[in-house]
Every structure is written in C-alpha cells, then in structure tokens.
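Presented below are the structures under discussion, each in the form of structure tokens.
Same chain, two partners: subunit A is paired with subunit B first, then with subunit C.
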Partner chain A sequence: MSSVVFNGTSFVLPLIIIAIGGIYSERSGVNNLALEGFAGFGAFSGGLVVVLLSGASANPPAWMFWLSFVGAALGGALFSLLHALLCLRFKANHILSGVALNVIALALVGLLIEQVNLDLYHTFSNFFQLPEAARLTLPNLSSVPLVGMLFANAYAYAPVITLLVLLAWYVLNHTSFGLRLRACGDNPEAVAATGVDVVRVRYQAVAISGALAGFGGLCFAYSQHGRISTTIFMGFGYLAIAGMVLGNWRILPTIGACAVFGFARSVVQHLALRYGIEYSMLDLAMAVPYALVLLLIVYGYRSSTPPKALGKHYEKNRL
Partner chain B sequence: MSNRAGQTQPAPGNGNADGTSAAPTNGNGLPARPQGFQALRAVYTALFAILGATVVSAVILLISGHNPLEVAAAILQKSGIIARAHYSNNHSAFSDLMGLLDMSTPVLFAAMSVAIAYKAGLFNVGVAGQMLFSGFLATVLVGYSPLGPLLAKPLVLLIGFVAGGAIGALVGYLKARMRIHEIISAIMLNYIVQYLVAFVIKGFYYNASVSQSRAISEASRLTIQGIQFGDAQIVLPLGFVLAVLLAGVYYIIHRKTRLAYEIRLVGANKKAAHYSGIDTTRTIMLSMTLSGCSAGLAGVTLYLGCSATIVPDTLSPIGLEAFAPALLANANPLACIVTSLFVGAFINADDYIQVSGVGPDIAGLYIGLLLAFWAAGWFSLRSLASRRSSARQKPDGGSADEPDESARPTNPARPTNPARAAGQASAEPPDSSTARPGSRPAGAAEAALPAVAAEAAAEKGGAP
Partner chain C sequence: MVAQDCPNIIEFRHVSKSFSDVAVLKDINLTVRRGEIFALLGENGSGKSLLMNMVFGGCQPDSGEILICGEPVQISSSAEAFAHGIGMVSQHYSLISNATVLENVILGHEPTRRLMRLIPYLDTSKAARKVQELCNRYGLNLSLYDRIDYLSEASQQRVEILKMLYRDSELIILDEPTAMLAPQEAERLLAIVRKLQDDGRTVILISHRLEDVKQVADRCAVLRQGRLTGVFKVFATSTRRLAERMVGHALDFELERQPAVFGDVVLSVRNLCVEYSENKSTLHDISFDVRAGEVFAVIGVAGSGESALADAIAGLAPADSGSIRLMDRDITQDSVRARSLAGMAYIPDDRRNKGLFVGLPISDNLVTKSYFQPPYSKGAFLQRGEFRRYAVQFLKRYGLQLAKGIYTPTYQMSDSEQQMLIIGRETDLDARLIIFSKPTQGLDIGTTLEIRRRVVAERDQGKAVLLTTNELDGALACADTIAIIHDGAFVKVGPANEMSRQELGEYMMGVHR
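Up next is the complex of A and B:
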C-alpha cells in the first residue's frame, strides 16, 4: 500500500507541475505542444549544473540537489523563449512550433550530453549521472494514518512542488498578473485596451511555463531514471497536456486528472508485481494512464472550454 | 479595413499585404492574393527554412569543433552523390544511393501522411504510433509466417495500409463525431500502441540478446537485400517505387477530383465548407483515414523494409520528423518526393556522421531547425512573396527576371481578381462542380483558400 502511494506521488507531483506550466502558457493564449521538449531540456540543464559544478566527485554536496532544480527551471525557461519567439515574434503556427521544438529538444539534449562528456571527461558517454535524490520524512505529519504515507520518506522536492502548486494557483486566480494573463487568452484586445502589452504578458507566461516544466522534468529524471539521457523523453509532457485538457485548463481539476492517471498507473504496477509478472512486463502499467486519458476524454470532453483566443495571433492594430 | 501604406508587416486578412491602397478583396473581407502568391510563398519559405537550418547547424558544428563542410561531405558520401575515399568490398556509390532510397521510403510515406491531414487542416502527430501498429501487426501476422515472397509482400502492404488506416479512422472519428482534438487522441494512441506492442513483443517475440523483436523472414521483407549489381551488392527498396507511384496518384486526386477540393476547403475554412454543402464530418474522417493508411505504409516499409525487427519501447522519430518534408513541400505530394529524399539523406547519414566524430543527433537537430524556420518564415515572408508576385502580374512584365519554375501559377485558370472569378469559374471543371447558387464562386474560393489556411488552422487549434 505505501509503495503504491509512494510511486503514485513521485509520479503525480512532477506531472502536476508540468501540467500547470501548460496551463500558464495556454491560458495566456499560446498553444503549448512543446511541454515535452521543455521538460526534457530543463532536466538536461539541471543535469548540466550538477556535472559542471560537482565535476568528477562521486559525492556531490547536498545543496547540489537544490541547485540542479534552479538550473532546470532556468534552462526550461530559456528554451521556452524559443517557442515564445517563434509564436509571438514570427507568428508561427503554435502547433508546428511545438512539434519543431520537441524534435529540436530531443536532438539537442542527445548532442549536448555527448559533447559535454567528451569535452569535460574525454569519454564517449550518452548520459549524465545524477546524485542520489534527497529524501525527507516530515516527523509530525508522517505519523498521521493514511495521509501520513504521503509524507514518509518522500522525495525532498515533494513539499517544494506542493508549495509551488499553491503559489501557481494563487497567482493565476487571485493576482492582477494572473487576471491579465487569463484575459490575454480570452480577449487580448480588451487587455490591450487597458494599456497592457499583450505580447509581453504572453512572453512571461511561456517563460513561466518553461520553468515549471523544466522543474517537473528534472523531478522525473531523479525519480524515474537517476540519470539524464535521451530516455527522459518518455511522453510525460504529452500526458501533462492531456491532464490539462481534461482539467479544462483550470488548476484544481487538472491536479485531480493528473492524480487519477498517476495513481491508476501505480496501482496497476503494484498488482502486476504482486501477481508475479516480471518487472520487464510493466509496459502494461505504463499504457494505463494513456488509455485512461482516452476513455475519460471520450466520456467527459463535452464540457471542455479552451481559452477563446488560444492559438490565435494577436495583432496590435487590428480594427 | 485599414489602409496602412508603407507598413512592412501587415495584419493578416486586413489590408492588402503590399500596402497599396486599392486592395481588391474577394467579397469576404479577405485580400485577393496576386497570381502565384501561394506558390511563391511556399518556395520562399522552403528556401528560407533550408538556409536558416543550414546556417544554424553549421554554427553549432563550428562551436563544437567540427568542420561543417566535412559533415556535409559525409552526408553526400553516404547518399552516394559524391564518392567516398575508399569503398569496402561489395560496396559502391550506387549501393549508397539505393540505401538512401531505402531509408527515404518510410519518410516519404510519413510525409504524405502528414500532408494529407494538413490539407484538411488537421495535424497528424500520431504517425509514429500508426507506423508502429501496422509494422507490428504485419510482423506478427506475416513476418513470422512461412509464406512465400509472392504472397507475403503484398499481404504486408495490405496489412500496413489497413492497420494504419484503422488508427487514423479512429482518430478521425473521435475528431469529427466526438469533437476530440486530433492531437490529444493521436498522442495518447501513440503511447498506448508503444507500450502494448512492447508488452506483446517482450512476452512472445523477443530476442533478448539484442533487445529487439525476432527478425522477420526474408520473404516478407519489402527491401530485397544483397542483390549483386556489377561488383557491388545493393538493396532493392520495393516500397520506394510504390511510394512514388502513390505520390503520383495522390497528386492527380489532389488536383483533379472533387473530393480533394472538398478536403482543401474544409482545411481552409470548415464553416464555409459546411455552409457550401460539404459533409465536413465525412471529409475529416476520410482524410484522417487516408493519412493513417499512408502512415501504415510508412510503418511496414520501416519495420519490414529498412530494418527487419522492432525495438520495443520506442516510437520512430520519423513520425514527427516527417512534418519537415511535408511542410517544405507545402503538402504537395510530388514535391514531397524531393523533400523526403532531402530529409531522408540526413536521417540515413545519421550513424555515418557519428563515425566521423559528430554526435548522432545532428540530423534530428537539422530537421527540427528546418521545421522551426519553416514555421517562422511562413508568416514573415508573406509580404515579400506578395510584393514579388504582384510585380510579375503587371502587364508590362517584370516576370522575365524571375525564371522560377515552381513559382508559376499551378492552375492557369485561377482568377486574378474576383471580378473575373465569377466569369471564369465555369472554366474550371473540378471546382465548378461544387459551385452552388448562393455560395461564393468556386474560383474565388480557390484563390482565397490557402491564404486563410494558416489562420484557419491556428483557429481550430483550440486544444490542446
């Protein structure tokens, strides 16, 4: 039971933070198919920070763990600015830009990892080793029955993500910046009429999206792989997009949707292991969240209300 | 409508792009584009994308300490266009060339798949899943059977066509009837297929020593291996012949039939298509199914042609990379042949460049950059193309200094302004058949069609 909860939370929390990144971008009116690329490139940047700063030492200091997340957020944000540049400055089709950036991210990560390994260590190697992820047990909360399992021996980034989610929810729904951002996605002309620069708000939204996705991507790299290589592109970014669509572009329902996928996956995984299916057969469990998305969307899509100006280019002088 | 003469970046659908005051419109508020505008725009954008991607990847190569010219030479050598320094036994430039055709076959099928959907205003991002599904089914049903080559090869093609089409049809059904965005459903199907196929392969058809599925029989393989040609061995990619034939057939359908006209109209403006009496549901489902069929053929030519096994837990990168040849060709099936060979040369040379010391992903990077520059250029170059094409339209010439073949108007009967459009509509056999009283003249719709395609596609890109 506790392994189900542990696997579930360590999968769900990064997924939620990536999906919230998607919400920020899409609520401002910029389609974000590139979440997968942002997450992967962010994770790579985090790994790069570790590799550059800790060098060859096998035991990097504990603060390195946290610094890698700063690197991931910065790297994700920088990479997402490419998407913003293509969509906002060059008026590219948002979906094509997303496809392009996903292709570029996969290739660039593979290329840079080998190049950095070659330049720094003179070895041919296609991965960065990450340090052991810090674990955390909150002393008071972990003794509470049921809920306590969420807080026992959890990854140290779990409480940070929880705080980030609360912050993201507050900023989007209860600040003037969030209001402007949401308005940019629904009626950019009205925002412009109040004297706010729509394109600027969208740039900020996409950068936030990239930072959050990069953060989530590095969490996945720590919990699922323990290293950075091109295998970090496992489609979780797309799963986050599906969570966002199912959550109707609102944060709280999106959290619910992501939680459903993640826990369904860990339950199936647990059952598969218990009934003696080999570990290599866990592909079945991996397919569960995606199949669930399809089923849920088929039966629940009608209430879907995407932002009205999503994917449309904003023209300043349009009359 | 505002007249902003002298402004270089006009708003879309708002004022003629060349900034002249007498902007003719087609009665729908959309500017009537000068003759040849779309073709010129497509050519400019493709050239811009190739130039941009080449420059950026050359700079990246220089920074990482490689000579871009050497890499370019390596790609040309691997494609059999320039000779290598020395050839090993049984190998010649011609075998390299055939290897390129072999690798380009799935790229061409996948590019046509993307192009078919793109014409209908849909993004088929599920090509990789459709490829894997059809390749897997053909492998299991035919690849491991003792059938002879005369029976096995057509059967493989048939299974590929049907299996890919089935997934495409599912995506099209969800899109047209349940209003589920094709990107979401296609991506979810990609990963469902990936993991289920991995599960079955690892359970029943696994060659654990190489972490791949067991190799298929030679009889079912679409690329015939080891044919002696002169003093070298070559591969014979049967699929490539089929792909070129299919591109030709699709080009004829695309130019001459009512169905293709309806597909293009739905892609450009779904509402207008609906009001002119086109069954948009049927059109969307049909084009998504056809797109899936082509992706299925890409799958069998990849998994039962270029290679003879399936690596579980991976989707082919060709699925997304196929957007590059499809867009460079502006979804024109004949141009797809050329662009697929171009992109295929990079994919094909991937491991060969690696030997010369460059990371294996430079091809993927180049293709991604092609896509990014194409997407950026499609809007940014429109004023340029518009200015050029209206200059050539003037009666006193200006066209003589531009001998660009592909910039010629593809449809000689296409009207140059709406006033003539009504008169000329009857001169266009396929288009005029769909003209109805009350609808716009078919010629005018045709002229405005691609111009609004980008906006319409962006509009309908509501989700994700």
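Up next is the complex of A and C:
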C-alpha cells in the first residue's frame, strides 16, 4: 500500500507541474504540444549543470541536487522561448511548432550529451549521471496513519512542487498578471484595446510554461532513471497535455486528472509486481493509464471548453 | 486628459484615407463641440466607422490631421486614445467572455496592492466601489460579479460603456449601439446617452438608424461614399431629408403592397419543441400556419428563439417533439436537403457562417443547393462551366456590380452584396416556402428597403414567406401576420394591421405573458 502511494505521488507531482506549465501557455492563447520537449530539454539542462560543475565523476555531491533544478527551470524556459519566438514573432502554426520542437529536443539532447562528454571529459558516454535524489521525512506528519505515507521518505522536490502549484494557482487567479494572461487567451483584441501588450504577456506565459515543464522533467529524471539520457523522453509531456485538457484548462481539475493517471499507473505497477506478471507483459500493463486517457477523453471531452483564442495569431491594428 | 475649457473637443482637418488605392475617406472636415451628442450617419461602407477608428487608434489618416482641443495629435493605439480621454464602444464588443464584469472593467488598469509589501494581489474592493458607484449613477443595472458569457447582448454593451466611464473618458464614441437591441432596450440606451451628456461628456453616435439620431442627437454629419455631404442641426431637419442625404437619391419609404390574397396552407407547424443547446434558446410548444401569399413575421428580442425557430424549420436543429408539414408532406424528420427539395428556401441569419462559404468562389456559392443535379452535375462529375455560366447570368440579372465579376472572392464582398447573393440564390430555387431569418440585420437603409421589397415581391408571387426579425420596422413594413416570440414561446399572434408598436414592444420584452 505505501509503495503505491509513494510511487503514485512521485509520479503525479511532476506530472501536475508540467500540466500547469501547459495551462499557463494555453490560457494565454498559445497552443503547447511542446511540453514533452520542454520537460526533456529542461531535465537535460539540469543534468548539464551537474556535469559542468562537478565534472564527469560518477557520484556528484548531494548539494548539486538543488542546483540542478535551477538549471532545469532556466533551460526549459530558454528552450520554450523558441516556441514563443516561432509562434508569436514568426506566426508559425502553434501545433507544428510544438511537434517540431519535441523532435528537435530529442535529437538535440542526444547530440549534446555525447558532445559534452566527449569534448569536456573525453569519454564516450550517452548519459549524464545525476546525484542521488534528496529525500526527506517530516517527523511529525509521517507518523499519522494513511496521510503519513505522503510524508515519509518522500523525494525532496515534493514539497517544492506543492508550493509551486499553490503559487501558480494564486498568480493565475489573484494577480493582475494572471487576469491579463487569462484575458489574452480569450479575447486578445480586447486586451490590446485596454493598452496591454498581448505579445509580451504571451512570451512571459510560454517562458513560465517552459520553466515549470523543465522542473517537472528533471523530477521524472530523478525518480524514473537517476540519470539523463534520451530515454527521459517517455511521453509524460503528452500525458500532462491530456491532464490539462481533461482538467478543462483549470488548475484544480487538472490536478485531479493527473492524480487519476498517476495512481492508476502505480496501482497497475504494484499489481504487476505482486502477481509476477511476465516481463514482456509489463509494458502492456504500463499502458493502462494511457488507455484510461482515451476512455476519459471520449466521455469527458464533451464538456471541455478550450480558451477561445487558443492557437490564433493576434494581429495588431486589424480592422 | 482633455483640458476642461476648450470648445471643440475634436476636429478633423482634410482627413483622407485609402486602402490599396481605393479612397475610403475623402477630405473630411468636421468639428465636434464639447458636451454635445453628435451623430455620424451613413450607409454600410460609407466610412463612418473607419473615421472613428482613426480617433481610437485603429489606423492613421494618409493625409490631414486630427485635433483634440485644438492640439494636433497622433493616436496610434487605443491606450493613447484613453490617455486623451477618448473611449469607444465598437459594434463587436471586446470583452473577455470567461471573466466577470468587474474583471473586464479593470483589465489593463488593475489596482494592485502588496500584501506585507511583498506579495502583489488584485485589490478589487476599492475598484468595485468605484465601478458600483458609476453603475448606479448612470443606471447601468449590472451585477459586478456576473460572468460576461451569461449576460445578454444589451448588458454586454453596458459593460463596454462602464469600461469607458471607469477610464474617465470625456468623449465616448458609440458604433451602431442600437442595431442589435430591442426597442425598449434601445430606449434605455438612449437614456444613458442623455445622462452622459448631462454629466458634461461628449458623445459621438455612429448610426444608420435615423430614429435614434432624431431622438437624442444635437447635430449630425452625413457621410456618403467617403465624403461628408453635410452637417445638420437635427431638430431642424426631417428624417426623410437625412435619409436621402445618406443614400444620395430620393427614397421610396412606402412599400407598394397589394392587398393580401391568402391561398392554401403551405407550412404547418404543430406543438414544436426544440432543445437547442448551441445558442441556449429553446422552443416550447409552437404552432402556426403560413399560407401562400402571406408574410408571417416572427418577432422577438435577440436570442428569444426567433433564430432557433427558423433553424428548426429549415432542419438545422432537430425537433424534439411536434410536427412540421410542408404542403401535404410531413418533413419533421427530413434532412436539410430533403426539405430544400420539397420546396423550402432558407436565408439564414448568420450569413457568413450558415449562408455562405466565404472561402469558395461566387460560382460555387450560387449552387450550394443544386450542384448535385443537372445541369450542374453529370453523374459524379461537376460541370464547372455551368456553374460559371449561371454565376455570370446571375450577377447581370440582379445588377450586382463586383470589382472582379464572378472572380471576386466571396469574403471581399460587402455585407449587403453577400446578403443579396444569398437572397438571389434562394429565390431562384422557386420554392413554395421561403424563410428569411433576420434578413436586414446590420445592413444599411438602402439595402434594407430593397430586401423588404423583395420579401413582399415573393409574397405577391404567391409564395409563403416566413420572416424572423428583431426589428419592429421590418416586421411592420412587410408582414401580414405577426407572431411575437418571447423565451421560446409565442406570446401573441395576430394580423399585423391590428397591432401597435407600443403593444408589440411590450410583448417582445415579456411584459404580457
């Protein structure tokens, strides 16, 4: 039971933060299919920070753990600016730009890892080693029955994500920046008519999206792999998109949708191990959350209301 | 901010503007005085909205200058217009649909405070007081925490006005403010306009509704084809004279109407109920007959079910119960095409979306209801040559003069031209029943009169005509029988000549049930 909860939360939390990244971008009116790429490139950037600062040593010091997240957020934001530039400056089709960036991220990460290893450390290697993930146990809460499982030996990023989620919710709903961002996704002409720079708001929204996705991507790298290689591209970015759509582009329902996916996954994983499912069948079992996505989309999509101006280019001075 | 004491709040000197070599505004000289209600009259495409868009930063004049309080100004964005104390409510409201009234009003000027001098947050309470106070003073009757998409058209318009007031606009420009409103709502808007004037604000009213201008405006300017044809004192000028100035020739306001000769029942609707979720209107238990040679008008405020009824009869919205008969055939479950082939023509309300494929050429648009039949198809093959032959003949017959003939892109045609295209296409079908759904909505007076004449001409040929409309004038000018629809149900049906405007308006607003 506790392993289900542990695996569940360590999977759900990063998924939520990536999905919220998607919400920021899409609520401002910029389609974001590039979450997968943002998350992967962000994780790579986190790994790069580790490798650059601590050399190619097999075991980087533990304090690198926190620094790597700063790198991931910055790298994700930087990479997402490509998407913003393509969509906002060059008026590219948002969907195409997103898909292209996913492919580019995968190729770029593979290439850069090998080049960095070769040029700086003269080794042939296709991964960056990450430090051991910091864990923490909240002494008082962890002894509470049931709820305590959430606070025992959890990944140290878990409380940080919880804070980030609260902050993201607050900014989107209770600040003037959040109001402007939401307004840009509904009626950009109206926003412009009040003297607000729509394009600027959208750039900021996409950058936030990249930073959050990068952060989430690195969390996955820690919990799923412990190292950075091209295998970090496992489709969790797409799962986050599904969570955002089923959550109707609102933060609280999106958290719910992501939780359903994550816990479904960990329950299946638990059952599979417990009943000793053949290794070849394990992949099939792991596809359950994705099948769940399909089911939910069929039954849940009807009530979904995407932001009105999603994917539409905003033209100044259109008469 | 505009200085308080200048007599001329805004002045145009030799303003001209052209788009791709077509002159749209030619040498406009105009002065608007502080504190007056100034009307700008003109037909669709006369340039009146463009002129005002210049004031609101939408575009710049090619030559000439705009002066505010005697100072030449360059206005390149709406933010700059606000800074000059100018606000504009355009025809297409620019509101955030999923936000509240208050959020819409403060957007762009959000009062932000910092919690513990650190965490920024929206301080809505102070703004809410100011906005509520403005609401009360001008009788806007809005609830600040309602979401925009749940508000009526008229309420949304008042939110736009509220936005301008919150920004302290001295000069408020209203673009066709009463075009979409029911008579009583229009009255209410005009009352608000008067109150704005009483408070010392200046209002420019862009309109092609002469009655509004006559009611509130002090002076009015008439534009025709981009030229100023004159500035008039409204109280000293007759409505007819203004209209003729607008159109450029004498107008025949009175429709020639033969006395009605009713034939057999063509359309018979019994106990029709429709759940029509798309535009939130439903129909309850509607029954009526339309006879050959009769114009049956269904009139109601926008969204009261008048469009839904037309859609239901044309087959766009499936009936949940009840029956629709066309002559001796039950068409309740028939497809749109089957109904069309059974003798029904339909001119839908939303011409750009339901009436035309604006991305397709004119020749394709003219055969959307007959392309699958000879001579337009032979077997599975389209006869494009026939399409074009018909289109050429069509434009000649209806006197539609387009820049590139049948090769004019449909989306480049004006609203009037598009509507005449649809009306021509549908009347050519030679159907027994012809449905006009809000045929004159948003069109200028010349086209409006022409369309009304066409409606009556169809009836005089012995067709059954169903007309749905939001405009009392249109219904009174054409109809033999009027049904008033409110909240999806008929509240009154009777011969047109037995109903007064007052009575009709009250039924439309749901005063009597």
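Everything below uses one rule, namely that the second predicted complex is superposed on the first by the 309 of 319 C-alpha atoms of A that agree within 3 Å, B and C clash if a C-alpha of one lies under 4 Å from a C-alpha of the other, contacts with A are read in each partner's own complex, and residues count from 1 in each chain.
Please note the rule applied: a contact is a pair of C-beta atoms (placed from the backbone, for glycine too) under 8 Å apart; a residue touches a chain by one contact, two chains touch by 3 or more.
All values derive from a computational prediction rather than experimental measurement.
Student: Quick check on the superposed pair: does A:26 touch subunit B, subunit C, both, or neither? Answer first, second, both or neither.
Tutor: First partner only.
Student: Who touches more of subunit A, subunit B or subunit C?
Tutor: So, of the two partners, B touches more residues of subunit A.
Student: Looking at A:186, would you say it contacts subunit B, subunit C, both, or neither? Reply first, second, both or neither.
Tutor: second
Student: Applying the touch criterion given at the start, work out whether A:174 contacts subunit B, subunit C, both or neither, answering first, second, both or neither.
Tutor: Touch status of A:174: second partner only.
Student: Residues of subunit A that sit at the subunit B interface in one complex and at the subunit C interface in the other, please.
Tutor: Overlap of subunit B and subunit C footprints on subunit A: residues 317, 319.
Student: Where on subunit A does subunit B make contact in their complex?
Tutor: Residues of subunit A touching subunit B: 22, 26, 31-33, 82, 86, 90-97, 99-108, 110-111, 114-115, 230, 235, 238-239, 241-242, 244-245, 280-281, 283-284, 286-287, 290-291, 293-294, 297-298, 301-302, 304, 306, 310-313, 315, 317-319.
Student: Sort out for me which residues of subunit A touch subunit C in the complex.
Tutor: It is residues 174-176, 179-180, 182-183, 186-187, 189-196, 308, 317, 319 of subunit A that touch subunit C.
Student: Show which residues of subunit C lie in contact with subunit A when the two form their complex.
Tutor: 50, 53, 58-59, 77-79, 82, 94-99, 103-104, 106-110, 112, 120-122, 163
Student: For subunit B, which residues are in contact with subunit A within the complex?
Tutor: Checking each residue of subunit B against subunit A gives 1-2, 4, 11-12, 14, 60, 64, 123, 125, 174, 178-181, 183-185, 187-192, 194-196, 198-199, 202-203, 312-313, 317, 320-321, 323, 327, 359-365, 367-369, 371-372, 374-380, 454, 457-459, 461-464.
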